[in-house]
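Please find the structures below.
Next come two complexes, and both contain chain A; in the first it sits with chain B, in the second with chain C.
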Partner chain A sequence: MSEADMILSVENLSVAVGKGNGRLAVEEVSFDIGRGEVFGMVGESGCGKSLCALSIAGLLRAPMHVAGGEVRFEGRDILRLPARDMRRLRGGRIAMIFQEPMTALNPLMTVGDQIGEMFVLHQGLGRAEARHRAIVALAQVQVPSPERRISDYPHQLSGGMRQRVMIAIALACRPALLIADEPTTALDVTIQAEITELILDLCRAQGTAVLMISHDLGHIAEICNRVAVMYAGRVAEMQSGQAVFQGPRHPYTRALVASLPQPGRRLAEGRQDLAEIKGIVPPLGQRPPGCQFAPRCARAADDCRAAVPPFSTIPGGGKVGCFHHD
Partner chain B sequence: MRRFNLNFGLCVVVALVLVAVLAPLIAPYSPIDFADLNNSNLPPGGPFRMGTDEQGRDIYSRILYGARISLLVGVVVQVMNTFVGVTLGLTAGYFGGWWDEFVQGLTNLMLAIPTIVFALALMTFLGPGLLSLLIALGLTDWAYSCRISRAQMLSQKAQNYVQAARIMGFGRAHVIFREILPNVAGPLVVVATMGVGSAILSEASLSFIGLGVVPPTPSWGGMLARAREQLMVAPWIAVFPGLTLFVTVLGFNMLGDGLRDMLDPQGRADR
Partner chain C sequence: MTDISTPVLRVTDLNVHYAVRQGLQNRTLKAVDGVSLALRPGECLGLVGESGCGKSSLAQAIMGIVTPTSGRVEIAGVTADPGQRIGGLARARAIQMVFQDPYSSLNPRMTIRQTLSAPLHLHKLCPASEVERRIRALLGRVGLEPNAADRYPHAFSGGQRQRLCIARALAVEPRILVCDEPVSALDVSIRAQIINLLLRLKDELGLALLMISHDLGVVEHMSDRIAVMYLGRFVEEGRWDQVLSKPAHPYTRALLASVPGMHKTGAARARMTGEAPSALRPPPGCAFHPRCPVAVDACRSGAGPGITGTAEGHQARCHLLQQGVTA
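Right after this comes the complex of A and B.
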C-alpha cells in the first residue's frame, strides 16, 4: 500500500502506566490502515487493544500516557497536535463507538439533540437543519419511524437501538476513520450480527475505514481485510482476515484457533475437552524480558526468553513476531 | 411524610414570595414612617395585629416588609454560593491535579472557619449595609456545594457518555457544563434550597449584631435585636419576628428535604 492510500499509520506506539516508561501496557505496536479498509484487532482483555484505540483518539487519561511512537492520521502526527485541532479531528474525521451503548448516551438529552449536536459543532448548521439531518441519520441506521424517535430519550430505547444511535452520531460527519471498540459485546446475540453488518455497510458506502476491536477471533477474521493479533501489549501476528484463521503462524494465534469449539467435532470424535492455553497472561509489571508468550509456549527456546523476536514477513503479506513460527 | 415535607416547604416559600412582592398592598401601615410613640409597646390585638414596638411601629407591617430583605438575601447569597461552589467543584473534579488539591484545600479552610465568623471578618472590611452583606455571605458559604459537585463530577466523569462527548470533539467547557452539569443538577438543587434557609439565618444573625441591614429598614434579625431590651415588658416584639424566621428557615429546609426525597430514585421505590 502506498503512503497516499494510508489513512492511519501507527508506528512503534507505546503506552505507559504511571510515571516515566516504567510499566508499558502497550509496547511498540505498529500497523496501518488504508482508506476504506476494515482492520481488525483481537486479543484478550488487558492486552492493550483499547489503549491503542484511545491513544489514536487522543483520549488517554492519567496515569496512562503515550510513552513513545507516532500516530499519523491523514499525514499529520496527531499525538503532537494542539488540543484545538485534535478536537476538530475527533468526531469530524475520527469517530468512535464504544462497547456500552447503555451508558454512552447522555441520559438527559433527546436522541435527536445528541445526533444534531454533531452537525452544529462540526458543520456549523442551525438547529432546524441539524434536526432534519438527524432524522436522516437515524433513518440511515434503520431506526423505524425516525421522526418520532428523534424526540425520545435514551432510556426509551433498547440496547440495540441505542447502539444504532451511537453509530448515527459517530458517522454523522462522514469520518475517515471509525474506531469500533467491541461495538456488539454488550448487545443481545441476536442483534450482534445486524449491528456489525450495519456498521460495515454504512462505512463501505461512505468510504470510512474501520478499526474493529474485538476478542472474538472468528468474528473478526470473517469481516476484516487484515487482522492484528495482540498479546500482552504487543502485536503477535498480522495477516489478512482469512489467513489468520486458516493459516495462523504465531504459536499464540495457533493455540487460539485450536481452542475454538468446532461444530460437528463432538459428533465425529466423541466428547473431548476443548484445547486450552496453559498458564495465564503475565500481569503488567511481571512481563518477561523476551517474547511475552514464551512462558506458555510449547516451542519456546532460550532465544525466546532472551530477546523480543523481531517481525518476519510472511509470504503473501503480513508479519509475525516469533523466532519459531511456521 | 415525604409529601408533607415537600408541600409544607413549598407553601412556606410561595407564601414568603407573595408576601415579599405584595408587601405594600397587604401591610396596613408603613413599616418606617408610621411611628407614634403614644402607641409604643402595645400588645397584639385591635388595630395592630401583632402589636407595636418601642417606637410605636406596627410589627405586622414590618415583618411583611422584612420578608423582602430575607428573601433577597437568601436567594442572592445562595445563587452566588452555588455559582462559586459548583464552578470550583466541577472543575476540580474534572481536571484533578494541582487545581483539585488547591480547591480541596480552600474548601477545607472554609469548612474549618465558621461561616458567620468569616462573613463577620469580611463585613468589617466592607462596612455594614445590604450590598456588603450580600458579598460577605455570598462568598463564604460555598463549601458544601463545592464538595458535592466535586463528588458528583468524579462519579460522572467515569461515565461513558462523557468520553463519548469528548470523542465527538466537544471542548472541556461544553463537556463540563452542558453534558455533565444537567446530570448532577438534582443534588445541587437540594443543597442550594437548604442553603437559602441558612443564608436567611446568617443575615438575621449579622443584622442582630448590627452588622447587617442598616436600621430603620425592617429586617427580622434587626427587629429581634431591638426587641431584646423590651423582652420582659413586651415579649411580642421578639416573638413574632422570631417565629417568622423559624417558620421560614424550616420551610426552606423541608422543601430541600422533600426535593431530595423526590429526586432520589431509591427513596421512591421504598415508599
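Right after this comes the complex of A and C.
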C-alpha cells in the first residue's frame, strides 16, 4: 500500500499499565488501514484490542499509557498531538462507537442535541441548522419518525435504537476513520446483523475506513478486508478476512477456529468433537518470555520459549508471528 | 438402568405471568405463555430466542425459583401442583442448574471443599467418611485436580470456575441439568472445554440437558432437539437437524438468516425488520406479525396460531402452516 492510500498507520505500538514501562498490555503492534478499508481486529478479552483502539483515539487514561511506537493518521503523528488538536480530530476525522450505547450516551441530553452537538462543535453550525442536520442523520441510520425521535432521551430508546443514535453521532461529520469497538456485542442476534450492515453501508457510501474490533472471529472474517488476530497483547497473524478463517497460519488461530462450534458445521459434516485449547490466556504480569502462546501450543519448541518469533510474510499477503507456522 | 423413553422432565401448559403496574394501569406480563415440553434422559434440548423472550423465566419456573401462574411441571415422575413451589429438597436432587456467570455463582468465602460438600451434607447423601472420596470423584469428573478442594474460588480461572459450578450441580447426582448460557461469559478459547464436558456428562451419566443459549453455533453443536421461543411461547420445536435445515416458522428462518454461515446451509435468506415488541403489550393475533416478512391478514387479529405438526416430532405455530401454505 502506498503512503497516499493509507489513512492510519500504527507502528510498534506498546501500551503499559502502571508507572514507567510498567507491565506491557500491548506489545509492538503494527498495522495500517487504507482509505475506505474495513480492517478487523479480533481476540479474546484482555488481548489488548480495545487498548489499541483507545490509543488511536487518544482516550487512554491512567494508569494506562502509550509506552512506545507511533500512530500516524493522515500523515500526522497523532500520539504527540496537543490535547486541543486531538479533540478537534476526534469526532471530526476519527470517530468511535462503543459496545454499550447506554453508558456512552448522555442520559440528560436528548438524542437530537447529542447528534447536533457534533455539527455545532466541529462545523460551527447554529442550533437550528444543527437540529435540522440531526434529523437527517437520524433518518440515515433508519430510526423511524426521526422528527419526533430527536426529542427523546436515551432511556426512551431500545438498545438497537441507541446504537443507531451512536452511529449517527459517530458518522455525523463524515470521519475518515471509524473505530467500532464490539458495536453489536450487547445487542440481540437478530439486531446484530442489521446494525453491522448499517455501519458498513454508511461507511462505504462516505468512504470512511473502519477499524472493527470483536471477539467473534467468524463475524469479523466475514465482513473485513483484512484481519489482525491478537493474542495476549501481540499480533499473532494478519491476513485477508477469508484466509484468516479458512486458512489460518498461526497455531493459535488454527486452534481457535477448530474450537468454535461453527453454525452450519454439524449439519454439513456431522458432530465433530470440538478441539480444546488447553490452559488459559496468561494474565497480565504472568506472560511468558518468548512466544505468548507457547505454553498452550502443541508445536512449541525451545526456540518459542526463548525469543519472540519475528513476523514472516505469507504468500498472497499478510504476516504471521510464529517460528513453526504453516 | 434408566428408561430412556420416559421423559424425566415434562412441562404442560406452563404459564408465568407477572402483574406490572404502568402508571394507573395494571398490566399482565406473560413471561411464559402456555409452554409444554418433554425432556428424556441423555437428551439435550436447546432453547433459543432473543433476550426478553422468556427463556430464563421458563428455566426458573422449572427449577422452582419462581412460582408458575398455572401449568404442570413433572420432574422424574413427581408432579408439582400448579401455583405451588414444590418439594424443595426432592426437586433439587433431581434437577440442578448451571448459571451464566461463574464469577458470581460461587461463594468467595467458601473453599471448594465446603462448596462441594454442602449439598452432600444437606441431602444426607453419604456418611462423613465418604465425603472426601466423593469430592475427589466430583473434581475428577469435571477435569480438575484433587488439590483444588483446598482453594477458594478466586484462585481459579473462568473456565475452571464453570467446571466447579458443574461439579457442585453434579454432587446430588441429578437427572436434569438446566444450563443458562453456560459459556457466554467465558473466553472464546475456553468455551470448547465446557461444551465438550457437558456433552460427555450427558452421554456418560444419561443427564438430560436443557441448554439455553443465544449462540446458534453452540445450540446446533449440542442439541438433540431445538425449541425456538418468541414472546413467551414456543413458536417452533423439533429435531435439531429439521429445525435448522427445514425451519417451519418465519421467525426461525429470520433467526437463522441473521447468523453468518448458517443461511448457506439451507435456510432461505428471510429478512426480519424491527425489534421484538414489549411482552407487556404483545400485538394482537400472531405476536410475530409486525416483523414477519410473509404475514397475511389472518395473522394480524384474533387468537394466535395453534400448533401444526410438519414432520414427526416437529411442530410450529404459524397461520400459514395451518392453511397449508408453504411460506
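Observations on the structure shown:
Quick note on the criterion: the second predicted complex is superposed on the first by the 314 of 326 C-alpha atoms of A that agree within 3 Å, B and C clash if a C-alpha of one lies under 4 Å from a C-alpha of the other, contacts with A are read in each partner's own complex, and residues count from 1 in each chain.
Just so it is clear, contacts are C-beta pairs under 8 Å (C-beta built on N, C-alpha and C of every residue); 3 or more make two chains touch, one makes a residue touch a chain.
Keep in mind it's a predicted model, so treat the numbers as computed, not measured.
In the superposed pair of complexes, A:129 makes contact with neither chain B nor chain C.
Legend: residue contacts after superposition of the two complexes on their common chain; A:95 is shown touching chain B, with no touch to chain C. Of the two partner chains placed by the overlay, neither chain B nor chain C lies in contact with A:152. Contacts of A:28 after superposition on the shared chain: neither chain B nor chain C is touched.
When the shared chain is aligned, no partner comes close enough to touch A:74: not chain B, not chain C. Contact with chain C, but none with chain B, is seen for A:255 once the two complexes are overlaid on the shared chain. Once the two complexes are overlaid on the shared chain, A:118 sits against chain B while remaining clear of chain C.
Of the two partners chain B and chain C, more residues of chain A are touched by C.
Here chain C touches chain A in the complex through residues 50-51, 157, 159-160, 187-193, 195-196, 214-218, 220-222, 240-241, 244-245, 254-255, 257-262, 264-266, 272-273, 275-276, going by the rule given at the top. By the touch rule above, chain B contacts chain A in their complex via residues 96-97, 159-161, 163-171, 179, 182-183. Those residues of chain A that touch chain C in the shared complex are 44-45, 158, 160-161, 188-194, 215-219, 222, 255-256, 259-268, 271, 273-277, 280-281.
Residues of chain A that touch chain B in their complex: 57, 59, 62, 87-92, 94-96, 98, 100, 103-109, 117-118, 121-122, 166, 169.
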